[in-house]
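One chain, chain A, appears in both complexes that follow, with chain B as partner in the first and chain C in the second.
Showing the complex of A and B:
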């Protein structure tokens, strides 16, 4: 295609050739990037999206598709202070429940969204106590989770093991298909006129006279606002703008069994062990829950995000053991796939979403939970990038790490 | 398909396996997948839309050749499962 014919490239000439102009430039073709591009394009903005690889090639497409709205186990296992802070994310989880309920109709696409409920189970009295504390926090934040005993849990999900003592039940939880969601957002964004370019790696980001100039190997772009939503690559891309962003890559493990008859409509998690389980629409049982894989390393130090992370055998064994202990019938199923995916976690575990105070007009989004919360982040980001003040994002603002950028920008 | 080499080969004993009710000739030491392919059966299972799927990697990696051993109900990879005389296999369920 002749670049001159693209929308948003109507003319400003600079010494180095054509500069493609748009209102907003999104870097990253994952769930958040594509969904934000769609929201903004639908609101009438000229949007360009640049993706270094392919749409949905990173964590957005590699995760196991949980829609988890209870407070995550990772927030509970690291002490009271963090648990207290993390409880505040429940307000966003509640928005996400509403967003997911409407998404298929809004996009006119089958995303295999199933919200048949979720159970976070406990096997020991200590774990039951953790669930009790968690439910108290969630109730205070207005989430409709409730603690039920083992028999009640097995009445909800008969496949649960006899030694499950209790569970926290939330009727809104469930799962969706990571291979369908982001491509649907990308297609919707294109239909609204967004210019989405894949295999287009950003190599330079410069802010000048209130506008951003973004360079790739063979093209130049200019936009009033920029969103960096590159998952594990976010810190690298932020560095192009001379900014620090405390997002660290982590490699996780996911597994799929062969298809089987419908046995598990709910999302199953475990409060004391790393585990998520669900049955996908095709019948496969997906098993994950945050077991680590090993990031590839570069010869000169640092992690190589361009190379595949490798499976750690002890993680594989531990993950499958937790699955069998929780839902014994999976022992009879063949494991057909195990794969790794790389996401990012922030310095304080909460996602980072919003405008960077040091660089007005530059927005960042990343830091985990971004399948469940991604559509909500995107909806709120689109409002914020449109100039609105969005209080819901205050908790996740990059402003809390502004000290890192005291000498940057 | 008639793909078996017939000249200058030594085989195990002639045996029979039953696939979806049909008796297929095989030789001891062959896999279920070999016997099925030699008999011209390329369909090993169906996808969720009912479309036929067949053996792909023939080395245990892809799981495209999952079939059911009727006696135990176990799902196995036909490419890794040795044919046993009288063994009954189903390509559905």
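Showing the complex of A and C:
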């Protein structure tokens, strides 16, 4: 970034060596950080955002781009209790549908948002039963998902395999371009006056006299409120404030085929196998679905989030098999790239979004499918950080893990 | 299907062959596989015609004799698993050793090896200029490959343009194959070339043979009435649906094929994918894999030789391959340290001498300052149709090469950025960003059918 564009809270360029003051400091330039910075700046706050690398270099730029509003497979594969709890996320999914419908107009940017519907398919009678239970939960929460049989599913998406027995159809689902979304939020935040600094890693967080002092290698910042939105690094960065945050890094596999003629406008997921498929606007079919990759490890134990995660061959073979079984035409397409992205999951699978009770003024946001839900988290967080009580976030509050911080802070 | 080998060699060129021969000498019964993309061994320099084609006079010339003799010895080696027509698409370290995935017409093979040698050679530097995506614009090496493998000259009137003296040899080969040349254009002045050569005068004297080859190529060209011009930059390829001419500093020249020859960059995709340390290669750009005197890279068990470690010509690749073969034999405990030193002595001395010549050639051929200027709408990445205006804009936001790739799709196509990465890094360097480590190398190194990879 041109240093000439860096502005302090008084709007003037400040020499380094002084403390840069702002109302809010956002740590992390992924989707959540950039979108929250934009919402806050638009509401009139002075916002500084610090990003260790480049904007969108984390999970936000590496994900599958699915806008999935049905209850995710991962929530229903681990028993009733978890499924019951997870069903409550549907309320947020419904907000996200509205948010995504308006986003391109609001940002004035082409994000390649396509909401042509989504199908979660089933291949066996057991899987069909899972879909039935899922649809019941979803309707109870007011989601317009619908169970259809195999032929109906193939009428919606003719490329589906003959052995697909049924599918859960939600007309609002779809996908957007992860390459475009976060940069658009960042650009909009800058346009509203936010001070966004890349290649600026936070190395220290200290709370003193009700304000936060945040340090990087060569600058000091002061703000009344801080948001940690560091994706897989959130636990590390929370540790700088002497806090525990039960968010764990996971490395996931993604695959892209060569470009091909339009064949798949919908988002395809599978209830019994890990799979997500969609055709990006450029024509490549993206294949993912949460197959694990191997995180790099440090010599003394622990994960090395700075190094590239590596592909697990069995994941690659399994993911592509699931894709072929579901959409057979991909078998003869070429794979041109597989990559790994690192994101965060929480101890109870639900995202963690809100103020940390142990440290008023400190907010965190991370975990879960924050491409789909990120814009909604950001909108709600901006209100919460402005001092409003936001009931929609209760389900996700870090308060549920407060016991971990009884001896911290 | 998993096949287990002691050593897997990727690349059947001079370096790979030399390594296989040295290994075979050091240990009887070693299980060695050689993976190579062409069906038959030879590498870039001895690209062989497909077996059914009988080509008379295949690559005449003294300078090929040593290479041909080695190729004959390699083809006579017994007990080597030859995997011609296969691409190595992945290289990772796993618990049971280094794993190479090889993709061919028969599907995918997973090879597990105690040692892997990457001897993948180099490729022509891709040079974007206005009109370079017109049919008829080739890398000079592409034209040469046609001639070597099929005795076909693409185009009735070929213009060679660039900064690399190899153009003279390729020009002579075109003439010998019955083609017509519209000219050979060096962008740099002749005096600059001579001055740069003289700075390496000892190397030049020691390699009079190579210079003689250039001189005799000049003679062939003169005999055919081909103009060799210096200080004559190519600025654009012109034509509607096909090359019809070239815009140059000396005016427009009619031709229907243009061969671009500005230098070569190492093929280091696989070592980079495996996490090996690389450094910036010669003046043409690209990444050279870093290795010790035995070809051992920074990744345990992964060796590299030949132009994967830097472009230095075929005889140097041969010497380096031999050293790596001996180094691998030693690392496997087949020969002791003093025996390894002893055996590698002659190759090591030859290699050192040849490197001197390579540095001279680098200086003479240096394209810095002579590359054609793209216009804003010239494509930088032809897989994804990304133009210079777009990458310049992304570079201006201060991001890394990976960030520019993510923002613009430059490097996201089927070639995995092999062609546009040097272009992008050069562009970033012009904007003051000289420290970038380039694109993260992703699997697969070559496109591969989904069906071949699935369970």
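As a convention for this text, the second predicted complex is superposed on the first by the 392 of 409 C-alpha atoms of A that agree within 3 Å, B and C clash if a C-alpha of one lies under 4 Å from a C-alpha of the other, contacts with A are read in each partner's own complex, and residues count from 1 in each chain.
By definition in this document, a contact is a pair of C-beta atoms (placed from the backbone, for glycine too) under 8 Å apart; a residue touches a chain by one contact, two chains touch by 3 or more.
Just so we're clear, the structure is a prediction, and the values are computed from it rather than from any experiment.
Participant: Give one word, clash or fit, describing how chain B and chain C relate on chain A after superposing.
Facilitator: clash
Participant: Identify the partner contact of A:61: answer first if only chain B is touched, second if only chain C is, both if each is, neither if none is.
Facilitator: A:61 sits against chain C, while chain B stays out of touch.
Participant: Quick check for you: in the superposed arrangement, does A:320 touch first (chain B), second (chain C), both or neither?
Facilitator: So A:320 only meets chain C here.
Participant: Spot which of chain B and chain C makes contact with more residues of chain A, would you?
Facilitator: Touched residues of chain A are more numerous for C.
Participant: Under the stated touch criterion, which partner chain does A:334 make contact with: chain B (first), chain C (second), both, or neither?
Facilitator: both
Participant: Based on the superposed arrangement, let me know which partner A:258 touches: chain B (first), chain C (second), both, or neither?
Facilitator: Both chain B and chain C are touched by A:258.
Participant: Determine, under the contact definition given at the top, whether A:211 touches first (chain B), second (chain C), both, or neither.
Facilitator: After superposition on chain A, A:211 lies in contact with neither partner.
Participant: Is A:283 in contact with chain B, with chain C, with both, or with neither (first, second, both, neither)?
Facilitator: Only chain B; A:283 stays clear of chain C.
Participant: For A:18 in the superposed arrangement: first (chain B), second (chain C), both or neither?
Facilitator: In the superposed model, A:18 contacts neither chain B nor chain C.
Participant: Of the residues on chain A, which ones does chain B touch that chain C also touches?
Facilitator: Shared contact residues on chain A (touching chain B in one complex, chain C in the other): 258, 282, 332-334, 336-337.
Participant: Can you tell me which positions in chain B touch chain A when the two form their complex?
Facilitator: Its residues touching chain A are 48, 63, 66, 74-77.
Participant: Which chain A residues qualify as touching chain C in the complex?
Facilitator: 1-2, 53-57, 61, 179, 183, 198-199, 257-258, 282, 308, 310-311, 313, 316-318, 320-321, 323-324, 330-339
Participant: Within the complex, which stretch of chain C touches chain A?
Facilitator: It is residues 90, 92, 99, 110, 275, 384, 397-400, 402-403, 406-407, 409, 412-414, 416, 440, 442-444, 447-451, 453-455 of chain C that touch chain A.
Participant: Could you list, by residue number, the parts of chain A that touch chain B in their complex?
Facilitator: 258-259, 281-283, 332-334, 336-337
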